[in-house]
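Residue numbering begins at 1 within each chain, and the chains themselves are lettered A, B and C in the order written.
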Amino acid sequence: MGRPGAVIEVDRNTPPTLFHHGEGVRLERLPLGSRIVYAPDPMEPVAHPERAIRRALGHPLEDDPLRSLLRSGMKLTVAFDDLSLPLPPMAQPDVRQLVLEEVVEMAAEAGVEDVHLVAANSLHRRMTEDEIRHIVGDRIFSTFYPDQLYNHDAEDPEGNILIGRTSHGEEVTLSRRAIESDLVIYVNLTFVPMDGGHKSLATGLGSYRSVRAHHTAETLLNSRSYMHPPDSALHQSCIRQGQLIEDTVRCFHIETSVNNHSFPAVANFMQKRETDWTPADQASFLAIKQLTDLAPPGVKRAVFHSMRAPYGLTSVQAGQVDAVHDSTLDTVRRQMLVEVEGQTDIVTMGIPYVGPYNVNAILNPVLVVCMGLGYLFNLYRGKPVLRQGGVLIMAHPCRYEFDSVQHPSYIDFYDEVLADTRDPVDIEKKYEQCFAEDPWYRQLYRKSNAYHGVHPFYAWYWAAHALQHVGDVIVVGGQRAAVHHLGFKCASTLEDALEMAEQTVGRYPSITHLRLPPLFLADVK
Amino acid sequence: MLALQYHRSIPAYALVRATGGHPSVATSDLSMLDLGDVPEPRPPGPGWMRVRPSVSGICGSDTAAITGHASLYLDPLTSYPFVPGHEIVGQLDDGTRVVVEPALGCRVRGLTPPCRHCAEGRIGLCENVTEGAVAVGLQTGYCASTGGGWGEVLVAHQSQLHAVPDRLPDEAAVLLEPFACCVHAALRGGASQGDVVVVQGAGTIGLLTVAAVRLFTPPRRLVVVAKYPFQREQAKRLGGDLIVGPDEVFQRVRFATQARRLDGLDRPLLLGGADVTFECTGSARGLNDAVRFTRSGGRLVVVGMPGEEKVDWGPIWQRELNVTGAYAYGTEMTGERTFDLAIAAAPDLALDNLTGPLFRLGDYRDAITYALQAGRLNAVKVAFDLRDLRA
Amino acid sequence: MKFELLSDIRAVRDGWRWGGIRPASWPEAGPAVPARASNLDWARQEPVRTLRWLIQRGLSAPFARAVTSLRVEGAEWLRDQKRPAILAANHVSHADTVVLLAALPDRAREQTVVGAAADYWYQRPMLGRLVGLWLNTFPFARTGGAQAVLHSSSQLLKSGWNLLIYAEGTRSIDGRLGKFLPGVGHLANETRSPVVPVHVQGTHRVMPKGRRYFLPAPVEVRFGKPLEARNGEGSRAFAQRVEDAVRALGDGSADREVMGTWIDRWRAAAPRTSRR
């Protein structure tokens, strides 16, 4: 095990700090006395993943060995997490490929003929063939695609069945195939503490009817934060839905966790702390900075999105979902937790080029908000790193650019909805239904590779807690018109941004820089 | 009297067309225009009166004729040389402020019985424009006998004259003629309360159509396609719900009508779309876009004067579009005259905001150049100010 | 965007104190990234991959074909692979690898990793890096540690790489085929990959054991029909079957078990109708 996470104070000897700037990198000098929070070093991966997986399947937690649950003539459905995680995408072989191959091997030995492998993508977009192949591997792909290996279609009127309501009146739907199966196996990768557990099946194989029960502005305002399930209203709702699912279908969950070795060797400087940069890292940084300054956007995008992360499997457990998920979360927290003393007035962060919703596409302005004020802001336990009313400074080019194939409803959300109002509660009341029922978005979700019509709303609600908490948001290096359209302030350099922030938080503020990715969970005391 | 005259000259026309209608050539001494001293027009009979124009507008049809872009169809319907200018607010000899309704129909020409169109009140479509007391011409401003707005004096039949109310200044009254055209177009469009209406183009005709549609046939949603920032402001003020740029028209109309969008090699098309579209640019691009975002079975009203434009008729045929022209004014189906409707509605619209710089007749070259680039220069209606010619 | 190279270099130079000593206030350096066994990483990532593609496609493959007047039979078996395969070849000289890679179809070559003896090639780090770059090798321990080798090989196969291994374990002295090590069988059973028998003939005249330079001489490479382990077949038995197949290829036999029926070969050589 390497070093734990650290909080360093900037002094005169500290080298400049790396900021991600969308598809680019920058070096910035933070003022003296600022804190920089670093993630823990990546954990040592398991030496023999296949053996660990076989052991987990043979000795599950609070359930029977998988082999005993498989018999000839049964109907088996295996669901797995889609490509919204891990980020950046994992180098082959993906851990899900390793798990799926073991599961399929067992199914083959038991003589199970009727097997379907379903990507549990919920209201996310359908994955392309290459993307599915990247997750499941060549062997499974060539054997099962396309009749027995496919994406879940949440808008199929025949394929999604209402199974009931929870004690709080939340509707629960599940795919028809899952309900009719004798056993549903879920292969999960818990990348951040938000993933996994009951949320896997409740949202993954759900539909708009079930997802809208907890993907509301209200629920997300009360999730402080959704990266720490005990404090999250979102997860409480998912647990209720999941329990109803457990009562309806026989489930077997397999959960894996990976370390945070997020960048390939050529981009080691993004993984390492600045004080550890070797001359090779420095040269690498200079080369990549020139490339991203001079290359056209298409080239940059292709280069960045082709990066594959050499994650290592850190744990795998199988069996009953609650027991399994507690164990998984222990490992994930061990990898991710960093202790941070107290909140600050200003938090700075560089927004990376990829988030869960734009793999192989552009991070459009709405997704910049989702990443910065959503995911990255909420990576805390206890209290946010930023104090109430503080200023959040994000670095991203924030251009008016949208991927018309993956994000058609995002364009209309930006042009029509944000031009009217930015308050999540208002937006939900006035516009959500119209987008959710638009027949064209539905068609693109089902036939093309587009996110569901209602998805941009969820991206915006994800930031609801932050929007209420922060006093101001300043985007460094962003396109002025787009940043203003989002309701934020724009600055050309970090120094200007810090000066603008003083208007809100007063002179001599305390500053913390969150040096991510690699991701970490701030445990704020 | 001092007047700007348009002469019929084939070599001049050829020269102007060869240069693509460049303003410096089209208003030069080698063009069809000539500013000089010409004999005053004489009233051709009883019931005709002299009018001294105060403010005369420069219309898109005028600039099209000057730059050689007008359709050759109109040539036989015109008598030369004529004094252009049909958007006229002026004074009678006794000082009354009037606005001129330029159409020269059977009544004006003194012909009885009137042709079938004049009998219905559609004087713009008169079939007897070659007969009667005055020479050939659809309107004052295209007729050799009557004179026109770009001169000191013109003659008009009393049926052409409407009193201008006091609270309507000259700069607003000069827009009454185009406003009447747009009121007529709006009524021909006949949009109902549940319809989505698109007004394509936000020049004079576009903006006045927006106002007319909002007042007379208010729809569920009024989308305006405007290129320039000043136009966008005015469109919003005059009653547009959603103002979009020409590049985003398909995306925004798709969203407003919840249609489906298919992308073609050259242009997209919508399955579904607007119920009524008013095409106010008269350009090939505008027409080609409009036939693709108006829903099948919908109505396309061509308001802005087009020339000989290349339009793909495939969509018109397949979508069974009702394409209809809207020209001029007269008496509407309700029995009221279009001009009366326009005059009644005008004072509340603050139309003088739209009247851009006023030029003296001697500066006609600058005036016409400005009018040709009005949008880019943040202007809408450019006009001649002839008040100082009255001694 | 802007051209800021000079100011960037200045920033990095000042920030990391080139030519100076490490400041005491910097926290202790750590390994930061787990040191993995170097058989998977750098040689199979960009930009090394692109560089190798340039070298092989542009330089070494055409050169090898010219020097050896290369004749290839059976390349259609590897033209449209659905899954990565193990290429089990006989080993006669150091020239074998270059020649075999030149014989492969382009797409298969770009996805092929070569198992090179760790104790021979990787003793000297520069040599190890050179062959890693040029031929896409990875260290294959000939002695001890069989489990680790098996594991890294299976990881490569699972990541979509074809694996070229010399199953005899060493170069033949007299040109005759030696006994195949059972590792091939274990690997095939573990990953259920097909095994393609490969026979290369004539390289013992190009660069025999002992001579350090090469001379032109004709070479023939034959690929056989991919073999799959039968149900319940043990690793040793399977390895024996592969050895027999390679020997049969070397003898020039037209045995349908080895070369496939003409129908199989006909179909394998069919023009592509769509992407896989």
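FYI, a contact is a pair of C-beta atoms (placed from the backbone, for glycine too) under 8 Å apart; a residue touches a chain by one contact, two chains touch by 3 or more.
None of these values were measured; they are calculated from a predicted model.
For chain B, the chain whose average C-alpha position is most distant is C. Taking the mean of each chain's C-alpha atoms, the chain whose centre lies closest to the overall C-alpha mean is A. Put simply, the C-alpha centre of chain A and that of chain C have 36 angstrom between them.
Chain centres here are Cα averages; for chain A and chain B they lie 57 Å apart.
A separation of 77 Å divides the Cα centre of chain B from that of chain C.
Not a single residue position of chain C touches two or more of the other chains. The set of chain B residues touching two or more other chains is empty. Residues 1-5, 8-9, 11-12, 15-16, 23, 25-27, 29-34, 36, 40-42, 45-47, 82-84, 151, 154-155, 158-160, 192 of chain C are the ones that touch chain A when the two sit in their complex. Residue ranges on chain A touching chain C, taken from their complex, read 2-3, 6, 8, 11, 13-16, 27, 41-45, 48, 50, 91-93, 97-98, 101, 137-139, 142, 259, 261, 264-266, 268, 271-277, 282, 285-286, 289-290, 292-294, 306, 310, 312.
Contact residues on chain A toward chain B in their complex (touch as defined above): 411-412, 415-416, 434, 438-440, 443. Those residues of chain B whose C-beta lies close enough to touch chain A in the complex are 248, 251-252, 254-255, 258-261.
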